[in-house]
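For reference, the structure is listed below as structure tokens.
Labels run A, B and C following the written order; every chain starts at residue 1.
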């Protein structure tokens, strides 16, 4: 169903993961995840070590945040994020690189998986693991299944279907063992027998490597049984949670439902890696892999960095040769769903997977024409919606009709706008309409709940 | 031949009678009994159906007015006191006079004062733009300039000025329905009292950044220095979150704050005589100097009396 | 580095535009146009040129001076309309009638609705039908193909016209076919009387395959028309071969190929959903055959498409594609 086939453009696919040097200052946001912002538990002037918790969850759906460097807390103040909006940041001046004692910094692979799922889940919670595929949903919340729900299949998302991005691919190639062990841990926590790695078939090396690793690990312990690799068709957005479940399990999540309703839990490759590090190495989420790419950067300046959380973007970009002259747009993430960056001094967060530079020719919106009713947006929509209709309804604020036509199901993948020959800003309007409809639905749910409790 | 004519006439007449009977019966069957006063009230309304009163339209307003039994929750900003008086007469209710309001754009960030640091390239709608990023200038609170307020206005009373990039309210057309206030994602439009002969003062800025940051973003920003607050003799100005706000119920239109404002963020409207900033400033400075001296003298006197009291007690 | 561009995602765009789609349609129609010029000579070239140029001119004049907007002739859509209109006219038609047809197509059928994408009816077909009812003799004066430099213009009837006349004269279908010496190979490769666009089925199909390969159009509307025509005419033909023509004849004659491949598949005037498109095609096929078999016009493709064009908004309202996770 639906989907588009943009040019792959994985220019940085052969660039090895490299650790970025420490920046002089890091600014760590307290809301790096979906849900309530974390509450700072350090004060200005405190000395912190790498891996020390500096903010605690501000609610159930929230996550721990750890210092990614060692040094002195200089500020806890509002700062600007990548889009220029205000967030609270904990600014830490870097002094040396002193880690918390219990963190195992060696490269030795710990293949023995403990039996106690509860204890491992607690470790995941304390390590501040969040979904690193982009949504940054707290991992421990996802892995704590609601009573009565049964997970039948854990899907590890290695699609990386966005053009340009290669950090998941490099992680699969270079840290395949850790990722597979992480997946086995998640499998153990969820109490599920089946685990499938969904990897797009434009990454044959990764598919082969993971298959090999699984084979190797299976000989060590029965806990690695039931893990397999499934090559998937290259298509955007194959890595969308709902699309991936459809592709792997041939089941569709009902509108407004969760993957667990059809027995699925989806976890990103990097999340599996962070779960491995949290459980086996006691290492919280303090760094993540960031692809720095773009045609205008030139071949030598493509990078896959491992970056400490809170490193300013400008520091990363300087290490990749600076902002190229011809670049006119910087994007946090891929070209289809990434958010535009208006503030290059903003720091990274856990979910930052890439910094992409595009030239004006590649990215500038083309002049808008009349809708010629070709229906390309509808056949491209992976959710089977009709963007042309939603656009028309959206420009007239017809919320009832919008809800009837399922605007709330939109996943914002951008296929409609990508494929529109008349360059109609379909997604821009649909996003607004979706927000409005979601607001109405939320208010209605609250009203019915209030009526019931009466 | 004639029989055809006669038949035609007969058939058409009978058909007409039957259909008329059907229409009458249907109209009787589905007749809705409505309080006749609702219709009467509705007729006095402006009929713009703008929703400025908080109801879905003029009919809904009339229904609510009749059913509520009073006019506490009903006020038509478009018709103003005249219409409300008529409504009150029809229904026999009392109505309070309200000061007429007008929409005021509280952003001073013209292209000249507020340099652009990014270039927006998406759908030209303030809502979409606000959801995408904080804005193409360094001011995160300022006008985005895509004109959502203009398209929200049913009275053709607000327009973008292409030179400044800011919307301007047409005072003769604005009826204070509040549609633009709701449309603006940055909440920079406010309904304020029109003031005597249309004269009013307001702080034309919403920037909540600290002084230097605000100044960097926009040369005409309110930097939250608090001079106006100190200048005001009527306690009409308060500074919260680095932004000054003039309470239009307390403001006496002396324009001293405007003269003292270092960035020109305070604006006056419809004053017949232009403000002589230097003169007013000198006057205020003079007054403040005197006040300081008086305060110092009073303090000195107090100190003295305290000291003398001390010496007195010491000698005792 | 200059100011950063900021816009909501997505940040890249497929290499497709209205212009590129319309250009593909022009390219797809080129073989048919060339073949018809080869068969009918310079007069056909004149008809096509006048048609395309006057469509472009009218669109330019209307957008610039009546709608006061930037001209839209650069998007090739007027050129497509002109080409389709030209291919729908007999080669003997006087040039001024072509200009009137272009005015109706662009002015009435397209721009009065608001321009590209807003029209309910296919502009080229509206132009053609307008001419057909206004200038019936000029619109039905056919000559046999005489070659590029041929001078001996032989007037003749189109196969469908011949059948209709023969049936009215009391002949049976096989008798008429024999009398005129029609055979299917001839029809497939050209050399039958008719409008320029009807001349060579092969050239038209070639263009259609190009559109399919370039993914400009989807095949379901066309296939559903063909399927309906084949099935319905098979039933009638089996019931009475004397009275009704057979499926192959119906598929190869008249505007069937041109209409089903290029006119019924017009984006603007065809349904958006697959289901709607199939029903649209069934309607066109059925109405065409009914007009051919029982109507007074020998050819019904244009009318059938226009009638079904009017149903498209309803089809769009009734039929939607399946949504993910919803019944």
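By our rule, contacts are C-beta pairs under 8 Å (C-beta built on N, C-alpha and C of every residue); 3 or more make two chains touch, one makes a residue touch a chain.
Being a predicted model, the structure only gives us computed values, none of them experimental.
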Most contacted chain pair (by C-beta pair count): A-C
Chain closest to the middle, measuring from C-alpha centroids that were averaged per chain: A
Rounded Å distance between chain B and chain C, as computed from the means of their C-alpha atoms: 58
Rounded Å distance between chain A and chain C, as computed from the means of their C-alpha atoms: 50
CA centroid of chain A to CA centroid of chain B, Å: 42
Residues of chain A touching at least two other chains: 339-340, 342, 364-365, 428, 431
Residue numbers of chain B (touch at least two other chains): 117-118, 121-123, 128, 131-133, 136
Chain C: positions in contact with at least two other chains: 4-8
Complex interface listing, chain A residues touching chain C: 1, 4, 6, 163, 242, 246, 252-255, 257, 323-325, 327-331, 335-342, 344, 356, 358, 360, 362-366, 369-376, 378-379, 382-386, 388, 406, 409, 412, 414-415, 417-419, 421-423, 427-428, 431
Of chain B, residues touching chain C in the complex: 116-123, 128, 131-133, 136
Residues of chain A touching chain B in the complex: 80, 83-86, 339-340, 342, 364-365, 425, 428-429, 431-432, 435
Of all residues in chain C, those that touch chain B in their complex: 3-8
Contacting residues of chain C [partner chain A, same complex]: 1-2, 4-14, 16-18, 20-21, 72, 75, 77, 114-118, 267-268, 272-273, 320-326
